[in-house]
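Two complexes come next, and they have one chain in common, subunit A, joined by subunit B in the first and subunit C in the second.
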Partner chain A sequence: MPRTEVLEKVPIDDSYFLFRSCVSSSKYPGIETSTEEVFARLGIELEDSPEQSCCGGFITFTSLAEVTASLPAVARNLSIIEESGKNALTMCNGCHMFLTEFGHFMDHNPDITNKVNEMLGMLGREYKGSSHVLHMLEAVAGLKERIKEQITNPLKGLRVATHYGCHYLYGFKHDAVDDPYMPTVLEELIDIAGAENVTYPEARTCCGSGLTQIIIHKEEMSLPFLKRKLDSLKKIEADALIVVCPYCMTILDRGQFKMEERGIEEYGVPVLYINQLLGLAMGIDPVKLGLEAHITPVKRLLEKLEASNA
Partner chain B sequence: MRKIGVFVCHCGTNISSMVDIDRVIDSANRLPDVACAIDYQFTCSAPGQTQIRDTIKKYDLDGVVIAACSPRMHEPTFRKTLRDAGLNPYMMEMANIREHTSWVALSRDEATAKAIDLVRMKVAKVARLRPLEEIHLPVTRRALVIGGGVAGIGAALDIADGGVDVILVERSPSLGGHMAQYDKTFPTLDCASCILTPKMVEVASHPNIKLLTYSEVEKVTGFVGAYSVKVRKRARSVNLEKCNGCGTCLEVCPVSVPSEFDASLAERSAIYRPFPQAVPAAPAIDRESCIYFRTGKCRACEKVCPADAVDYAQEDETVEVQVGAIVVATGFHFFDARKYTEYGYGSYKDVISWLQFERLTNASGPTGGKLRRPSDGKEPKSIVFIHCVGSRDPSKGFPYCSRICCMATAKHAVITRSKIPDARIYSFYIDIRAAGKGYEEFVRRAIEKEDVQFIKGRPSRIVQRDDKLLVRSEDAFLGRQIEVEADMVILTNGAAAQNDAAELAQMLGIGYDQYGFFSELHPKLRPVETNRAGIFLAGMCQGPKDIPESVAQASASAAKVLGILSRDQIAREPVIAEVDRGRCTGCMDCMEVCFFTAVEEDEFMGRKVAKVLQGVCQGCGACVAQCSSGAMELCAFSDEQIHAEITALFAVEVTE
Partner chain C sequence: MSRLFDKELRPELYSDLSELTFRFIGDLEKCMQCGKCVGNCPAASVTQYNSRRIIHSIKMGNVEDVIKSEELWSCFFCSSCYASCPKDINFPFTVAMLRYASLYAGYGWEYVKKLLPYALDYYRTGMTVLQDERNPNITRRRARNSDTSGSMADVREKMGLSRERKVSDRALSEVQFISDVSGMTRILKELPDKKEKAPLSRSELDRILLVTDRNGKFAGFPEEDDNA
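On to the complex of A and B.
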């Protein structure tokens, strides 16, 4: 069940700092464009900065270096957010986790922060610890009443399943906007978009990613997880799977192609970012939502929508 | 000038290994009020006490400082020694040079310096002590037992058999508690109700026991030997005198609500008897679900009652009873397994709680004792038990072990095997804790003879696929992930304190821990007493324990109650607050802050003044701190005595 006390604390601002994510920028431009389009409809400005870099997660996720090696990158990004004077909005579970977790770590370890700030000083920057980083799921859940007003093309008859991703709900068990094992926030948004919620047994399990698994263990660790998940998803004949993390999206979208390519199984369930689904319900052009960049084709989904709207 | 004797104890080497005893003696000997300072290996031993007595006589001492362990340990011992030597027992202070000094110090020099300081402070205090006399109070020969589960029943019967009147207050409509819901007891597989219901009947028919069911204790005032207790008898809407327990009304009631007794697996009517063997057999009307009380229409039960016992006009009634001692046996409630959302309790129908399993296997349960899945009524062929749901898990706020669940699960597994011989039974555990007579053997039986697969691992989640439940877990011995396909999963929820335990503890004025379990006075030596004299504990309300332990505690409490009530008078420590009526302005701030309601208004020379009730005051000192005019003082802890201690602490040691 959604946590009302967290929802109430979501700051509803006129503008946010949009923290771009490497995966969405390089693989799924639609995640960014749909976010921009949807927030424009809601009358909320999004500002970003060309100065921003990778959140810093890659170093830790891949176990390439010690955890603290990410700190200067995280602190630099946070200092850019601080400079904007706005609350930040992340589109990726990993970015959210890194910025929030490491920010918290630095706020409670002044010695380390001083060291990090020495390094940032060379770039003429300083980490102060004054920013607030929001996850996209928190933001859209907090804005649901305003989203309701913007729905022009309810997605009638569309069968939609969900996948939340581990790093937000599990990583922030006590502070996240929903319960990690029985979340319902996304389902509520799907209701608002006018689509039909469908559930599958493996809805709340991991996509099989975890960068370590993908890079180091690849086949034997990662693929069985993915297959179990996709098999379960296929049975319920969903029209789309909704995610809130570009990395989960990569695994679930491209994973289907991989399975098919290797002759393991055919799935064909398009994977959409939450804002892409909301965008469709707001009548935004699918091209603007970047749906064409998806590896698992969305054609059938769009045809079904067109048919039901006609 | 006082003649004070200082006795320094070595406590074997507990003290002497860290404290230089000779230097302590030497320093004490130089203090002006000290007549003699001597040491001994074990001051608390018989020869040690003889030494004190002889020294008191030899030097004609009028005050004693004993530098040894904590006063919690041996203050009563040495008070008695003083009395035997003809000295007022309250002319003694203990300097704690063990727990507060030798056991915690890092260097011998520091420990010795602290011991010297403590002795000097206590000498300064003893020089200002005055003799106090113990308070003697009359005793009301009647006891109150709160809670009618197996512990409360045991305590009430033991006290009543000792010839003392007992009032037993139970919140629900019937005696029995959780044990009445169980199917069998471990490790003998005795039928739970077969051994409990005769006891319930015995309570109801005992000439010395007055049973108040559907009642709650609202207020407790007074003190050991003379408690005054307000009990609210909730309106049962059925006249207990007239009702013959025929049960006709239960059949005509049109209402169906989830049955608490059957753990929501079955339904009951609005006029209900929790279970067939309930004592008393008379039903009660649950006014929240009764159609008549909600809409003013129906009265079906009244129409059919042959004894004319249904009485809608009944109202709550408050009675005040006088008792000399109280046994608290309010039990526990099961941890709410919905907090483990990963197991889906509450969402998946076939994930059930331990209590629901008990009802499913019980012959008087909703399935007549046949083990069936709640979802489709089919016989489960693969059954998974999960231990420690709400136990040993700091992340859920329950880091303690609930003690009974390992055995309960072994029992459930064995019962399952007898009901479904070809079932696959799995039990996921963290550790098996089977410390008890015949317990380990019973678990071995489950593993070796009953073919129950015990898997060391804590399941990470349960996923429903079609009509199966997939339990995913690590297998700590194999070191890899496993998945078990189950038809039914039983969560062995831990034991938690009653939701309103803290409120009850505050009303009774007894201590409780961070989990809501009531605190015993001493974990080893006073396991059933509380910090309030005359109030005792029995059963789960003090902490998780099994039935034999609960019953043993009940008997222990009963023995304590009989001990108090066998006397005409009881003596109390005179360490209580005292009013200087010349200084008291009658503002009564002290009455406001008194937790024990020990202060009342009095009149002195035409003025309003405060008065401390000797028997009620517990000597906590709240009123002393509150009093703006300095009229309140605590005997043996007066301002003068404490100032003297502080002054002595900072005094420079006199050197020759």
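On to the complex of A and C.
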């Protein structure tokens, strides 16, 4: 169940700074276009900036260089958000986690912030801590009623499962908008979109990426874990799996292809970002929603929708 | 009764441990060995990885064993242990910091080397994940799904977007500046030649590691040794 006390504090603004994610821009651009299309329907402006780079947090948590390298990189991006005078909207669990965690850390360690600002000063930038960073889940939870008004093509008969991703609900457990183990924000939105909620035993487990395990222990750990999740998903015959993180999307979408390629198993469950699902229910063109960029084909889902609307 | 849960005996229990161990224990001291973390752990479900055992090991002063272990590199960073912990221990954070300890001591470099291509992409373009596909079958499949050549540039164009997202020249030069002055660039240059070293002594480990104090609060970065 959404935590009302958190939900009440989510800033619902007329415009946000859209914080782009490397994975979505480079692998699933539909995550960004669907977000832009859906938010345009809700009457919310999104502004971005080419000055924004990769969030910068991965450096530390993949053990590539210490927090001293990540902090100024993250602070630089935060200063760009602050320059816009808006709150930021993130589409990726990773971007959200790193921006909020490092921001929180600097806010509570002024001496560190001063050192970071010394470096940023050389670039003509400064971190002030004046912008709030929203996760997509918070935004769509706060905009639920407005989303409801924009649904024109309810997704009748569509069986939809969810995957929330770890770094928001688990890693951010104290401030997250939903309960780590019994989240319902996505389920409510699926309801609003007119689709049917289905669940599977492994719904709350990691996608298998393990941040870096998909690279460092791919065969021993990542893929066996992913297979267990996909097997559990396959049994319930879902038409789509909904995610709120581009990295989870990559692993779950491409993981199915990997299993197929190796002759292990065929799954064929298309993975959609929440805004892509909402976009379909708002009658937005599937090409515009970037569904063709997905590796596990979305075609059958679209055909089913067409048939049920005929 | 277990000595571990007897407050009076604690100083004695830790007496022969270095300051380092104390710092890492920080939050871990609260652990009551309930094992909820293991029940939720993806790594534990596919290997022998066991967060409860690691915490116990650290509490008993065997930090070096943990730092040398392959287990340390098995964490998925999913934070489900943190989410389920009745004592609110942020174990993934401890793992992240222990991994640095491991690297300083000369272990684990083989794992980090595998991540080098992503870090180099970040340095070269300001983005960690790029459009190029390492597996040509992915492009072929996308060609079939999208009725294009299958390249991301063509797919983006069909969607009405620019053929590639690029960060500005200014952003790129700033990213590279931060990497250069923070020491990341040097690490990336040295990474390919890094070899597993002999283990450091505990006092050496102690010198290079300084992350959290006993209350789990940040205690500052390690001081640079001017004579090094």
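Basically, the second predicted complex is superposed on the first by the 308 of 310 C-alpha atoms of A that agree within 3 Å, B and C clash if a C-alpha of one lies under 4 Å from a C-alpha of the other, contacts with A are read in each partner's own complex, and residues count from 1 in each chain.
By our rule, contacts are C-beta pairs under 8 Å (C-beta built on N, C-alpha and C of every residue); 3 or more make two chains touch, one makes a residue touch a chain.
All values derive from a computational prediction rather than experimental measurement.
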Return fit or clash for subunit B versus subunit C, each positioned on subunit A through the superposition.
clash
Taking the superposition as given, does A:297 touch the first partner, subunit B, the second, subunit C, both, or neither?
second
In the overlaid three-chain picture, which partner chain does A:12 touch, first (subunit B) or second (subunit C), both, or neither?
neither
Classify the contacts of A:264 with the two partner chains as first (subunit B alone), second (subunit C alone), both, or neither.
neither
Comparing the two partners subunit B and subunit C, which touches a greater set of residues in subunit A:
C
So, does A:202 touch the first partner subunit B, the second partner subunit C, both, or neither?
first
Have a look at where A:232 lands relative to subunit B and subunit C in the superposition and call it first, second, both or neither.
first
Now for A:287: first (subunit B), second (subunit C), both, or neither, which partner does it touch?
second
Look at A:181 in the shared chain and tell me whether it touches subunit B only, subunit C only, both, or neither; answer first, second, both or neither.
both
Clash with subunit B, by subunit C stretch, listed 5-13, 23-31 or 41-49
41-49
Dual-contact residues of subunit A (subunit B, subunit C) 173, 180-181, 205
Per the contact definition, I'd like the list of subunit B residues that touch subunit A in the complex.
340-342, 344, 347, 395, 461, 463-466, 470
Touch list for subunit A against partner subunit C, complex
20, 22-23, 25-27, 29-30, 33, 50-54, 56, 58-69, 72-73, 76, 105, 109, 112, 119, 122-123, 125, 166-167, 169-171, 173, 180-181, 205-206, 208-213, 215-217, 220-221, 224-225, 228, 254, 257, 261, 287-288, 290, 292-295, 297-299
Footprint of subunit B on subunit A - complex, ascending
173, 179-182, 201-202, 204-205, 232
The residues of subunit C that touch subunit A in their complex are 42-43, 45-47, 73-80, 82-84, 92, 96, 99-100, 103, 108, 111-112, 114-115, 118-119, 122, 126-131, 137-138, 141-142, 144-148, 152, 155-156, 158-161, 165-168, 170-172, 174-175, 177-179, 181-184, 187-188, 218, 221
